[in-house]
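Before we start, here is the structure in question, set down as structure tokens.
First chain written, first letter: the chains are A, B, C, D and E, and each begins at residue 1.
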Amino acid sequence: MAEALLFYTLAALILGLGVMVVSARSAVHSVLFLVVNFLLVAVLYVTLNAEFVAVIQVLVYAGGIVVLYLFVVMLVNLKKAPERFSDPRRLARSGLLLGGVVLALIVVVVSSSLRAGMASEGTLSGFGTPFTSGNTEQLGWVLYTSYLIPFELASMLLLVAMIGAIVLAKRHLGD
Amino acid sequence: MLDTVVIPLLKIAVLVNAVLVAVTFLVLMERKVIAWAQSRLGPMRVGPYGILQAIADPIKLILKEDITPVKADRHVFTLAPIMSLVPALVVFAVVPFGPDPLYYIGDINVGLLFIISVTSIGVYGIILGGWASNSKYPLLASLRASAQLISYEIAVTMTLVSVILTTGTLSLVGIVEAQQESGIWFAFIQPVALVLIFIGGLAETNRAPFDLPEAETELTGGFHTEYSGMRFALFFLAEYANMIVISAIVVLMFFGGWLRPFPNIAFLGFLDLLPAWIWFVGKVFLFLYVFIWIRATLPRYRYDQLMSLGWKVLIPVAIGNLVVTGVFKVVF
Amino acid sequence: MDLIWLIPLLPGLGAALNGLLGIRYFSKQTAGLVAVSTMAVAFVLSVIAFAGLLGLPEEERYHEVTVASWIPPIPLETANGIGSFEVPWAFVLDPLSGMMLLVVTGIGLLIHVYSVGYIDHEPRGGVARFFCYLNLFCFFMLILVLGSSFLVMFVGWEGVGLCSYLLIGYWYRKQSASDAGKKAFIVNRIGDWGFILGIFLVFFTFGTLDFRSVAEAAAGMPVEVGFGVLSLICLFLFIGATGKSAQIPLYVWLPDAMEGPTPVSALIHAATMVTAGVYMVCRNAVLFAHAPMVMEAVAWIGVLTAFMAATIGLVQTDIKRVLAYSTVSQLGYMFLATGVGAFAAGAFHLMTHAFFKALLFLGSGSVIHGMNEEQDMRRMGGLKPYMPTTFWTMAIGAVAIAGIPPLAGFFSKDEILYRTFLHSQVLWGIGALTAVMTAFYMFRLINMTFLGRYRGPEWGQPAGGEAAHGAGSHGDGGHDDGGHGHAWHGPHESPRTMTVPLMVLAVGAVFAGFIGVPAALGGSNVIEHFLEPSFTAFGAFHPAEEAHHLSHTAELGLMALSVLLAAGAILFAYRNYVRQPAAADEMARTFAGPHRVLTNKYYVDELYGATVVRGTMEGANGLWTVDQRVVDGAVNGTGWTTIFSSWVSHVLDKYVVDGLVNFVAWVCAEASYVFRRAQTGLIQNYAFATLLGVFAFVTWYLLAR
Amino acid sequence: MTVPAPRVSTTQFDTNELVINMGPQHPSTHGVLRVVLRLDGERVLDADCVIGYIHRGVEKLCENRDWTHIVLLTDRMDYVAAATNNLGYVEAVEKLMQIEVPRRARYLRTVLAELQRIASHCLWLGTHAMDIGAMTVLLYAFRERELVLDLFEEFCGARLTYNSMRVGGLPLDVPPGWDRKVRSFCDLMEGKLDDYETLLTNNRIWLKRTRDVGVISAEEAIGLGLCGPPLRGSGVSRDLRKDEPNAAYEEFDFDIPLGTRGDTYDRYLIRMEEFRQSIRIVRQALDGLPEGPIMGKVPRLLKPPAGETYHAIESPKGELGYFLVSDGKSTNPYRFRVRPPSFCNLQGLKRLVRGHLVADVVALIGTIDIVLGEVDR
Amino acid sequence: MLEITPLHYSLLSAALFMIGVIGVLVRRNVIIIFMSIELILNAVNINLVALSDQLQDLAGQVFVVFVIAVAAAEAAVGLGIIIAFYRNKETVNIDEIQIMRW
């Protein structure tokens, strides 16, 4: 009961904030909604016994990436938002249309896949590493054994991205 | 219901109040300590030896007019101090004041990561405060502050990893217990890490000599130039609460938390006459004193020097420390 | 004596010190000290060497020292088959070079000493530069004198020419001085052209350049009756000599060379360098003796030069120019002597002339110095009370050059005239007339300068002194302004460093002649006897043999005549310029035409300007035209041809090759108009298309299952 | 370090160029100076000083006072070094009137001027250190400055605007025992100086903030007309106390410290050494303090002969010069003009800050040691 | 309804995904488009974590870690491009980023 309440509350907030992110006029407000959204998603992760992922979500997403967005928004600091020129009704219209299309698509996919999944419920659990709450150690173990090479590749990716970002943002090459 | 809801809520209420009161007295302590360092007396008028100044200051701030600049983004302007203070208070949820579960609200297995991630949220308060003021000095200061905080956070996190390697746990209670088992404070095992975290802590709390975001002489008041009244007080509270957090982390990780000195030497047992939480608070205040002492002594870094210190000294040293720790861990 | 190579080396060392270090670091005193001390040591060494030479028996007085090899043996074609061209660095000491050695080092030393005083108001670097040049000059002059072969001599010959150029142009900021330097240098080049052709011919003829070998070979040849190869050699060599020794037609540079500092004029353009030509002829006496036609030419050119220069000297008013023309004139005497075969007399006159002409130049320098750089005699007069030493020493010099016994000039000049008389009365007549004129213009100089009324600028009060200074220093544009910081306080005697050399030279001018007292006066003509080996010893030829002697009485008569004429000229000059100053002007008015010609130096400079200089420039223009039209025309024609052919290639490339390529591109471009409509550039369109694609795919997937 | 000329882009849009106003209300502009900074990020592209906020027309006021009354107006220019201002003025008038000053008065003037220099430098040290963030030094320096002010108070009764000198001498002799107090102050001050240096001289952060900041070469310093410690910091030996001695300076033995690099740290070291040299001079003056009158022969009504004079002394800030013209008829100056060192040194600020960071601007304002009362007059 | 099944999480995820897609397709501000992409990634993460819990397989959480790493890289490079573009054109309107069209 409490669990359901918590889930519905969180889901409502997450979706509401998502809508706010997409529809906010000011980019700064958009960023703020995004932060709160991510924090709530982190709470959701905690309910799903994924404390480590939750903390990472807060640390990397909320504490790192979104700060970067905020930085850029402040740096760009537009006097006029690009949407000022566009027709709000066109926005709503196309948004609804697109929303319908996408929602239909997703519902079809999810329901069909779930139907397939329920059919073979017996095999749903039992493969992979079973875990309990407080699984950080296990996660580390998996990450550094089975997924070692992808992990290293991810770090490589981050390094390349870092260098690329510096090169792109540096004002004068050769300075 | 009692155990899961009422007692935690009570603990939270007590803790928040305790922190806030501690902050007001910390301000008084800072004024007094610096005054003594500078051969003057400090506040002397309100109450005996100015002790009641700690109460007078908040009253003054609450009663002052709360000004919102015309051109400011009002919502964000209001939100910023709150976003600054809340993470500072939330962190205390995992800080153990003693060995007994009574002394902490929760001991989660990723406690240390929790602290790091929550404190990283505190940046928003500063950035948004500077941005929302719609004024040049605060904007400059907030850009400085955010860059500074993110930079030093990397160094601090890197250093924490080496401590985690030593303890094998992310739980703060676990870290203290590990020190009890090994019978020695980690300050002696990880001295480099201690220094790094202390310096990084100074920078993360914007304290001298890294108090650039609020360098009065350069940027008038820093990111909170346009703030007044209670909203200013919230920033103020957040800063001092953060100081307490950093001191608490340092004490927990390097100075045995609530443990008395030499916890395994029996004949010093009389030291246990003092309750554990007194030891903890005493150590925390010792470090707060060091913070204040440094502020009275050192000049301020320049922005570029600060950044080069962070990136070119602290981070490499932290990585080096991590590597050395790892090697020791593997070899022994 | 084996150390004679040190003698040139010492001034060379001094020059190197002053030149490399002195200009930057030495004080004036140090620079002077270095120069003077090296010269003093050189002089002492010379005296020692000369004494050693005297100690040898007469027939062995030829000492050759080879210092180092220079040009290794190179086989070259000569008249007598393949010869070996080899020249060592060898120096020779014989009576002739010994005498010259003493003259160069002795007089050089005195002039160095004098220069210390004279050059004192130059800036520091300038002094060192001056002494560097002066020492360098002595270095080359001594190489010239001591060289044992034509080529070594030529090194010295060119070196002194260079130093002469440098020193004439010492005040290089002054236009006239640098022009004079260039003139001297270029005129000398013409002479050097002759000299070097002579050297080629010598080598081609004899297969060697060593003086002694050449003389021995030449002595073995018969005296040429007509104009043979020896005559050609001698003619070329004599052209060289006329250049260096300022004879017709190449004398024009010497008067202009007076733009240099006075000690330079004294040393180079009176005492030493200009006599190099005479010395060279004397050195090759044997060769010349075998070419009588050239000898005759030498004699005539010499006497004409002497006469012409003397006439010009009569009317010049610049004190140094008078002396310059006098030098030219005296050099003419020397060539006259060599031309008539009296080499010893020529060399003797060279030596005595060095004394009194150096004396006169230095005296004039002293006057100029005392008169604050004033050179015009018309602005002098009555200087005797102000500068007694200068006056008396200059008077001695003038008497000596005028040929009044028993001073030096008398003996040497009368020896020449006597020998000329033996050769040809016409030459003697011209020579005697020249002697008279010499006496006249010398005393005109003395009288105008020292006697009579003072005509120079006023001096006195400091303020007036400034004005006088301003007026008096018109001629010293080459000086740095700092040099004359002090006001001029009237004519004054020169410092001791300048008067002492004057007095020493005066003593020389008085007594130098006594080594050549002729037999007619009861002497034994020591000098002629002493020099004889240099002209004859290594050959069988004795030029004096064929000459017939006059009686002593006749000789005495000739002497008396010339003395009387000289005395008369002196008196005439005294009357004209001291007793009745107007008489001179009157005379000039009476002979207005000749006076103008003489004042303008026979218009020789203008003649040269119109012919030689202009001719050269026209020729150069002509050559330029040829270059422009013919040579460049050919090149441009080639270029034009290339351009045309490349244009043809370009047309092919552009319309044929590129046309194909462009056609393909055009087809592509036209085709793409249709397809590019799909590319809106709006990312969201693309994203939407992607989304639709995904939707379609998933739908198909679900339905198809 | 040479600062390259800032690249001014016209074609390319620059996201970070920012113009900010520093002052006139700003904690580090030492009064009411306004600096308009053009920034590229944190880097200063250009700076313009706007002055005149406390212009009171001192020069014009002086032309309407008689010669004696002017002394107290000079107090109001460099109000932290009033005694040296008085000294320059009265000496200028004495030069104009050719008044002989008694030896005792000249000695006492020297003592006062040097004590004033110590007080002024204390103020500079405190504020300079405060600007860079070392707050304790400010209070230390003010503590010692207080002692100097006490000495002045005992001498003339005032603590800031002393009005302490008269044309021809001093208004009054020092109280008995004053010299003993000055001596004990000197002894105390020496120890305190070591305290300051302990806090700053070898402090790594202080070195980082001042070394190679605001470097100016000797040629540039001369070209900008700098004077005082900023000039000497670049190695130019120019101190009017040595070069054109006034008061009794030629009778004392002291050194002129010179810098080598011309940066802020050198200027700091120079002023620290000047503290010590001032103490040295004060001691020598007290040792040789002659007895005798303190006023020369001066007429009741000062009426200098017609003429003009320029007299400059070395104030704590640099060359402080007075140009006075008297018409010989009235009892007022016909023209009164001051060459204020702070004004001249402030011209160097534009050059000094270019290329540095915003944080250095306050350090550089501090290092040239201005007093706006003197700049604006 | 009161029992929370993976279906609930999937639907939440799908809805969030939809919001993100709409943001990407509708907004003109490039920065907001980027933020919408972050929303999409978060939607995916929710799904991964939920199914990881359901299936008791840590691979889902590992994937989340990788997704976050990729998101960080994407944000860094993407924002670098935006800054560079803004510096040249002084705009972040995606409709104006079309100079490579034809």
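Just so it is clear, contacts are C-beta pairs under 8 Å (C-beta built on N, C-alpha and C of every residue); 3 or more make two chains touch, one makes a residue touch a chain.
Values in this document were obtained by computation on a predicted structure and should not be read as measured data.
Engineer: So which chains are sitting against subunit A and subunit C at once?
Structural biologist: E
Engineer: Which of the two pairs, B-D or A-B, is linked by more C-beta contacts?
Structural biologist: Counting C-beta pairs in contact, B-D comes out ahead.
Engineer: Which chain has its C-alpha centre farthest away from the C-alpha centre of subunit E?
Structural biologist: So the farthest one, by centre of C-alpha atoms, is C.
Engineer: Based on Cα centres, what is the most central chain?
Structural biologist: Of the chains present, the most centrally placed is D.
Engineer: If you take the mean of the Cα atoms for each chain, which one ends up farthest from subunit D?
Structural biologist: C
Engineer: Roughly how far is subunit A from subunit B, going centre to centre by Cα mean, in whole Å?
Structural biologist: 30
Engineer: For subunit C and subunit E, let me know how many angstrom lie between their CA-based centres, rounded off.
Structural biologist: 99
Engineer: Subunit B to subunit C: how many Å between their CA centres?
Structural biologist: Those two chain centres are 97 Å apart.
Engineer: Counting only Cα atoms for the centres, state how far subunit B is from subunit E in Å.
Structural biologist: Here the centre of subunit E sits 34 Å away from the centre of subunit B.
Engineer: Touching two or more other chains, which residues of subunit A qualify?
Structural biologist: Residues 52, 56, 64, 71, 75-76, 98, 102.
Engineer: Return the residues of subunit C touching two or more other chains; collapse runs of consecutive numbers into ranges.
Structural biologist: Each of 688, 691 in subunit C touches at least two other chains.
Engineer: Show the residues in subunit B shared as contacts by 2 or more other chains, in ascending order.
Structural biologist: Counting only residues that touch two or more other chains, subunit B contributes none.
Engineer: Which bits of subunit B are touching subunit D when the two form their complex?
Structural biologist: So the residues of subunit B in touch with subunit D come to 34, 37-40, 136-137, 140, 144, 208-209, 211-212, 215-220, 295-305.
Engineer: Can you check the complex and tell me which residues of subunit D touch subunit B?
Structural biologist: On the subunit D side, the touching residues are 18, 20, 26-28, 42, 129-136, 139-140, 143, 199-200, 203, 205-206, 208-209, 357-362.
Engineer: Under the definition above, what is the set of subunit A residues touching subunit C in their complex?
Structural biologist: Checking each residue of subunit A against subunit C gives 98, 101-102, 105, 108-109, 112.
Engineer: Mind pulling up the subunit C residues that touch subunit E in the complex?
Structural biologist: 676, 679-684, 687-688, 691
Engineer: Residues of subunit A touching subunit E in their complex?
Structural biologist: It comes out as residues 1, 3-4, 7, 11, 14-15, 18-19, 21-22, 24, 27, 30-31, 34, 37-38, 41, 44-45, 48-50, 52-53, 56-57, 60-61, 64-66, 68-69, 71-73, 75-76, 78, 81-83, 86, 91, 94-95, 98-99, 102-103, 106-107, 110, 114, 124-131, 135, 138-139, 142-143, 146-147, 150-151, 154-155, 157-158, 160-162, 164-169, 171.
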